[in-house]
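By written order: A, B, C and D. Residues from 1 in each chain.
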Amino acid sequence: MYIRIINGGEFLSDPLTILTLTPIGVGLILLVLPQLLPGNLASSVRKFSRNVSFGVSMALFAFATYLSFTTFGGIDWLDINMGEYELMNDEPVTLISSIGVSWIVGVDALSLPMVWLTALLIPLSMLVEWDAKEGHIFHPLILVMEGALLGVFVVLDLFVFYIFWEMTLIPMFFLILVWGGEDRKYASMKFFIYTFTASVIMLIGILVMYFHTGYVSGVSGTLTGHHFSLIEMDSEMIQSEGLRHLVWILLLIGFATKMPSVPVHTWLPDAHVQAPTAGSMLLAGVMLKMGAYGFLRVSVSLFPESTVVFTPILIILGMASLVYGAWVCMGQTNLKRMVAYSSVSHMGLIFLGIATMQPLGIAGALFMMFAHGIISPLLFAVAGAFKHHYHTLEIGSMRGIAHHSPYLAAHMMLGWMGSLGLPLLAGFVAEVAIMIAFWMSFGWLVILPALTLIITAVYYLTSMQKTIFESNDRHHGILPDSLHGEEPRDITWNENTSMFILGILTIAFGIFPFIFFDMMSDWSSGFVQEVLLNHLIEQGVTP
Amino acid sequence: MIDPSWIAGLGVILFGIGLLGAFTRKNSIIVLMCIEVMLNAANLNFVAGASHYGDVNGWVFTAIAIAIAAAEVAIGLAILLSLYSTQETISLDEANILRN
Amino acid sequence: MGETKNEYSLLLPLIPFLAIVPYLAIQDGNSSTDFAWMIVVAPFIAFPIILITGQVYNKNETWKNKFKEGGILALAALLVSLSTTIWIIYDYLIGNANINNSDVTSWLEWISFDILQSDYTMAQNRVLGVGVWVDSLTLMLLFVATFLCFLICWFAIGYMTTDPINEDSNHRFFAEFVLFSLGMFGMVLADNFLWLFIFWEVMGLCSYLLIGFYYWKESAAYAAKKAFLTTRVGDVFLMVGLLILYDIYGSLDFAVVFDDPTTGVGGALVDSGELFWALMMLFIGAVGKSAQFPLHVWLPDAMEGPTPVSALIHAATMVNAGLYLVARLMPFVDVHHHGVSGLEDFGLIVAWIGGITAFMAASIAFVQNDIKKVLAYSTMSQLAYIFTGLGSALYFLNIDEYYAGYFVLGASLFHLFNHAMAKGMLFMASGSVIHEVHHAHDHIHHGSDHGDHDFDPQDMRNMGGLASKLPVTATAMMFGSMSIIGIPLIGGFWSKEGIIAKTWSAYFHGETLMLGPALLILATAGMTGFYMSRMWFMTFAGEPKNEVVDHVHESTPWIKEPLIILTFITAIGGFVLAVLGIVDFLSNKSDNLSFTSDLETLSEQIIYELEHAFLPEDTKLRIVGWVTIFLSFVIGPVMASRVHGGSLKEGEKANFFVGWLVNLSGKFGKQDVSWLADSQLSEALDKRLYFDDLYEGVLERTVIPFADFTAWFDRNIIDGIIKQIESKSVLGSFEIRKFTTGSAGDYILMATIGALCIFVLLMGVSF
Amino acid sequence: MNLPISSSEAELVIPELIMLFGLIGIILIPNLGNASFRIPLTRIHVPVFIGGSRFKSTSNPKLPNQVSLIIFISALFFGLMQNSYGKIGDTLEVTEFSRLFSLIFIAALLLATIATTHRIPARPNVKPPNDDDSENLSSKKINALIDNRRQVDFHIILIMVGLGMSLMSMATHLFMLFVCIELASLSSYILVAFHKESKVGGEAGMKYFIVGSVASAVGIYGMSLLYLWSGDLSLDALAIKWSESSSIDPLAGIAVGLMLVAFGFKVGAAPFHLAAPDAYSGASSPVAGLLATASKAMGFVALMRILVSVTMPTEGEAFWYITIAVIAVVTMTWGNLAALTSTNPKRMLAYSSVSHAGYMLAGLAAIGSGLGSEEAIELVLTAIVFHLAVLVIFKFGAFLVLSLLETEERGHKLEDLHGLARREPIVAGSMFLFMLSLAGVPPLSGFLSKFLMINGIVNISAGTGASDATSVLDWLSSVEPVFWLAFAIVINSALSMFYYLRIGLVMFFEEPEDSKSIKDAFSLRLAIAICAILTVIVGIGPLSDSLLEMVADAINSFVSN
């Protein structure tokens, strides 16, 4: 008989494994259980599944927080060298022995903030949509999403990485399809197919890498003799430089689409506009970061010299996203579309940061991932609340929300300001770090991103002027037609709480960025030292 | 004794006729017959081979192939009958509810 | 609300806050700089408390009456800041050993990182943190900021809480107010350029919020946006400047950068060309913030905010940030102290920008009828003076004329001080005028349906003859205007004279390009005399131009006290400080003010100063000096009084301080200038020389269409390709499905064709 | 006694024997009755049990179904348990390879059996439809008739299909192989036409039969040519003869080409696939499922036998390499494009199965390029077989869901799936899983199989690029064109995503026409659930590992032959 059971009993006691698999498990149980139980029991399960989901996600957040901070978890995150990972499972657990797929988890400064961010955003996005219709499906679905997202960040096996990478699409597809806006059908399909296409192209790249791995006992496949373990991979095994470059490009296609970078960004605005608030928050907050994370983790880490060779491509992509994205933003009349394009624009900065090949620039890019991960959910929460209470997303149709909903106005302003890079808010730290590094590497080219900051300010301020302000009357706002003359309500407590927390964090990380930044810059230095300098100087390539 | 290549040559001709008939004729009975012709072309080849190699297997193949052909005709006719009973046609072109 | 009420009892809760600093100061071993963080942190704590408490207890009576909707809390926070500042100044002036330029107290290691250097080695552990930097410049600005913020907050309590239009939103005002103060304090205290920039931006945000305080007004929202965006343009360049500086010096800390500006990171010699661009970028930032040509357009519009905001941001503190920054740049060019030579051009550019702005703003101010707008342009113009002075200083220092350089630097900064005090007061006074006129207007039209909604309480054409109605205000405003004009012996005279003289002396020194700024600011001196007097006369002198005026009286509490305090400072502060050698102190030429208790020395000092001001040794400068005095003291005011002056209405009597001036203004006779008022020039000036229209037009014709085009491009080209792929696939699908005809004959045919293809392929490849 | 087969040989073919005796049993059992034979001249009635009025138990219309369930389950069980291998006579050999395929076929048949259990309830006393009956009523009557009267026929034919396919996988002789294929094919023609009372049933059967017969006639003619060429049709002999001949004899080449047509029809390769969509949409879902899984697997066994075992040279590329590569690309693109706008779910699945054939053919083409090492070739073969194995799970799963819909006369239009999620969340969820698995979304088993396929192709081709190429273009121009097959698969997967997702879309998005849940069909639902669970757990984890090892063993035995 061929049936075997998973080896290694300690597998399930691993902190990161728990972190990843618990939400998927609980979420799936909550989704399926009511279908199997008889009526009464099923409805009582349904009643509690929202609370259970939230509880589980909060518990996971507490756990992630415990693991993330030195003061709690006892791990000195500044003391991790390049290529080392913390919280790894002791023994790789073989999943498919024939082709060498193993369960290897671990985090370093690159993934840790992302893990914490994910664990943070999940309960918040649940909170924002606390009263979502069919909450007994909605909330568990987000829980499943959490597992998939965390999986992407903690897994160090490319096959499993790819699995989680694609797995995130499914809950998001449903979030958009079932809870989305008017045009959700088109948006969900486009979102799924677009990103799926890009990632299968990336898959070819992964496979080429796979076939250039040597035999490593314990992780290599019995059938193929190769393995997917990122830790053991080495691009040197690929002899042809052209092939290395090709793999790099294939991977880039996958990652850049996810980020998304111009010109493969057009799925994002559609998805965002149609997605429910929680979906948008996760999409912008975490899913876009998957692209940047993967790019750093795989492309840049394993193919440093290709990255150096293709720096012009990175700059072109980054600049295009940044500048073009900002201009497109200005031409938008839909609040969510505008915010979505602003994400495109900000993601461009990440490429620029990486292109500098300066520890500071890379650290800035990392921090950008994190900061944008806090700010953009805030933006989308605001846009979502706007839609929720005013039934429109057109900029200018509803004016004077400062009167109708001062909290919403405050959150909006904070979010907008954070996004346009106001100092003392999280986004600025990343911007300034990337800019400094960018000047060092490319000099006056920095004027383009710098001028884009003005454009960013223009569109944000214009939209604020037309929404928060300008009601022409102290006591009434200009109400949109979509309200049909009803007086709009103030935002609900759950929306408010969620936005408030995000706002506080935006400020906190703007003033005390070192909480994560030092860790990131440590990683970046190690990265540049180990990967780039030692490696490239050996090669005779000059950065 | 006929040279086996002549037999095989006849087979080629028969096969051509059968194939040509199969896609030009619209009456499914005739198509069925064309298929039989094609099968017979194969049979001729088997026979030719058997006589060429002096191999008894070839004869056996022929016999079995004829049996298969018989079964095929039986099934075919049954299917055509059932088609006729519902659509009142056995023309290949006219029975086209299922398409695209 | 109308009757004056004694509300000082509300100040009682401030006493503990007053006691904090003295308590800390008398403890042994406490250095004032160790507590400098309190200056920033106190408002920082107050900000959320006021905002959130106000939002929650919006309608609460106690919150309204006892806390003045947060005003008292704001005052408490600012009091802590102010007392800490005074402590630091005291420490500094008594020569406490703990305070000197190199003593940097680090508060926060913001981010730390490594840098990959061009030789592929890592520079380990660079830190961008923030600490406190104390020198005379810091002290002066810190004092200006904390002191004025405190007074303006005081003023605002009266001004804001008695205005029904602000009902329930004053907590927002006070919260934003303290946040703004925080920005200014932090910027002045920060020990590096990055944090200077950070706090600078915080101010930008707050100015945005405060200008847009009346958010429902379209004009206010527009003005707020305009202010933020215009300054943002400058800020972005400032940031680029920071990047260049960081690249050169490997640090942004003043301590590192100023230690030896000629040596960059790793001992490299600094290239003056690169540094020039860094400084230029920083200067563009300053231009934006200080509303200089060509980024000046936001300042007049910014008067949309409540008057205390105007006082706070647009006269006393925020616009000074740009000046502060340029003044900070002095060590770069100070060739005498390791400065980088070859940067004279920078000084010239600064001076030219200043000169142009000064002249332009003054001429626009000629035609303004809105009392706050006049003040706004006057601000612009005065700041431009200071820029010209700083430009001259940069020039002198760079050509190693350090004596002259330090003098004009000190004079410029002194002018900053004088102007801040005077302008703060002027704005508050104008606020008082507006407030009372508005009240009177409301009072008259109370209960009547056909209220005059077009009535503009800021329009000077609705005023006139207020000298007797608002004695304190009129007095304050008179001294303020005098200080701005530069009436000899009063406030601004001491500093302005120095700036003009040294700018000219730069020309005389052989720099022909300095002639332009020198001429411009000389002309502006006279124009200042005209428009400031015009404002005063239009408001306070002559017959009332509107019935409202009869009902105006000074009734609002909290408003008078700051005016009185500042009147004193404006009137005699300039002179006192000048005598104490503030000019040398501010330019860091001397470490301390020259306090003396010896009368003889004092009189020597006084005589020295007077001699220096009126009878400089250089004949050419003497001529320039007297021309200036003549223009500003005689020509300007006299012309203004001929146009707008006049005695009060029968029976009204102004008090002692202003009565003489009103009466005097009536003596010059009337001059009709309507031909001038209708001229094209006047219209051009009224339209602000079309700069706003130009910018607006350029934006509307280029930026917005281009943005729309990109949006179209994105939707139809980039996304269009995707959509094309989709629709083409669907089309292809329909086409390919046509092969499935439904006829079994066709299927066999297709199969046969397929078989033939197979053979062709097999043949082609194999046989 | 001299049995035609020794007991040690019989041990090897227990599943087939079960099916054989089951076949006899299923013919007999429903006919058992109280018939008795009166001994002449006496009054003694000797019961003979055959005929007469049937017992209550044997007259149960569901009995044949239960019998065939038992047969397939026990066959599956014994197949799984089996671990001895060997030759039976000259033409059959049981290897891991044949056993695996037997299991695949039996599993598919088992699912088909389960699906027919609840398809339509059998009722006594149903009259044939009258002319004046409404369309709805008449179709109801027809279905009832089918169930009542021909349950036995259906299952007999099913078992015959199983027998044919199972033996076919063991055949080591080309003629034997062909006879077995004919056995299975002829039976499947009947199955397709089984719905004879409906208009589409007969038509579908006719088309499938005509085109299939032409194809097999072409194939048998090709085989006869091969016989002319070699004089021996056993695979070993052919392989030896093939490898001995220095160049390819045109006769042999043509013969192989003709056989490609026949097997191409079986696997549904373009342009021989055209009858398939018609057949699928005319047949009932269980039958369509059978065609899409077992029949296709059968075709691939034949293709692998002829292409890999016989004609594959030890070095260099096979002569059919370019042909198969072109067919593969055309097939997958054709299938996907056509499926894009199909509104009949069965047709859509038919086209999707065409495209899947294309993916597998691409794998074969990669083998044919002759660039791969032995391991690489084994890997690709493993991928193909693994794909065929897991197809049974999720492709048949999808047909099971359609079967469930067919119990209420739905399943022929996309609209029938509308709002399925509201009516039947679990079923809809399972259907969505099947669709994602078909599209190749991780971590489902469909992904693993597609992954292995691309994996193998990349493995074979990626090493062929110039190792000193310094730029991407240099490398791409130096790499063998096989590499682009991987891209073809990838782009096609992306294209296919569209119509798979559309199924999910209509199930979860649109409003159902009828909000009642579908009738309770326990075993069908169970089968769907099991398929869904297997879809997931065969995708990753120990079970997939086990299956992969099984497949790898099978391939080992196949290659070593």
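Observations, loosely collected:
Here is the rule we use: a residue touches a chain if its C-beta (ideal position, glycine included) is under 8 Å from a C-beta of that chain, and two chains touch if they have at least 3 such contacts.
This is a predicted model, so every value here is computed, not measured.
Interface comparison, B-D versus A-C: the pair with the greater number of contacting C-beta pairs is A-C. Overall, the chain located most centrally, as judged by its C-alpha mean against the mean of all protein C-alpha atoms, is A.
The centroid of the Cα atoms in subunit B and the matching centroid in subunit D are 25 Å apart. Taking the mean of the C-alpha atoms as each chain's centre, subunit A and subunit C sit 40 Å apart.
Centre-to-centre separation between subunit A and subunit D, using Cα means, comes to 42 Å. Taking each chain's centre as the mean of its C-alpha atoms, subunit B lies 99 Å from subunit C. Shared contact sites, meaning residues of subunit B that touch two or more other chains, fall at 19, 22, 28, 31, 92, 95-99.
Shared interface positions of subunit D, i.e. residues touching 2 or more other chains, are given as 206-207, 210, 214, 218, 277-278, 498. With touch defined as above, subunit A holds no residue shared between interfaces to two or more other chains. Touching chain pairs in this entry, ordered by label, are A-C, A-D, B-C, B-D, C-D. Subunit B meets subunit C in the complex at residues 19, 22-26, 28, 31, 92-93, 95-100.
The touching residues of subunit A, counted against subunit C in their complex, run 190, 194, 262-263, 265-266, 324, 327-332, 357-360, 363, 400, 402-403, 406-407, 413, 417, 422-424, 428-429, 432-433, 435-436, 438-440, 446-447, 450-451, 453-454, 457-459, 461-462, 464-465, 468-474, 511-514, 517-518, 521, 524-525, 528-529, 533, 537, 543. The touching residues of subunit A, when paired with subunit D in their complex, are 1-6, 32, 35-36, 94-99, 101, 160, 162-163, 165-167, 169-170, 173-174, 177-178, 184-185, 188-189, 192-193, 196-197, 200-201, 203-204, 207-208, 210-212, 222-225, 239-243, 245-246, 249.
Contact residues on subunit D toward subunit B in their complex (touch as defined above): 175, 179, 182, 186, 189-190, 193, 196-207, 209-210, 213-214, 217-218, 220-221, 223-225, 227-228, 231-233, 277-278, 281-282. For subunit D in complex with subunit A, the touching residues are 80, 375, 378-379, 382, 425-426, 429, 436, 439-443, 447-448, 451-452, 454-455, 458-459, 462-463, 465-476, 478, 486-487, 490-491, 493-494, 497-498, 501-502, 504-505, 508-509, 540-550, 552.
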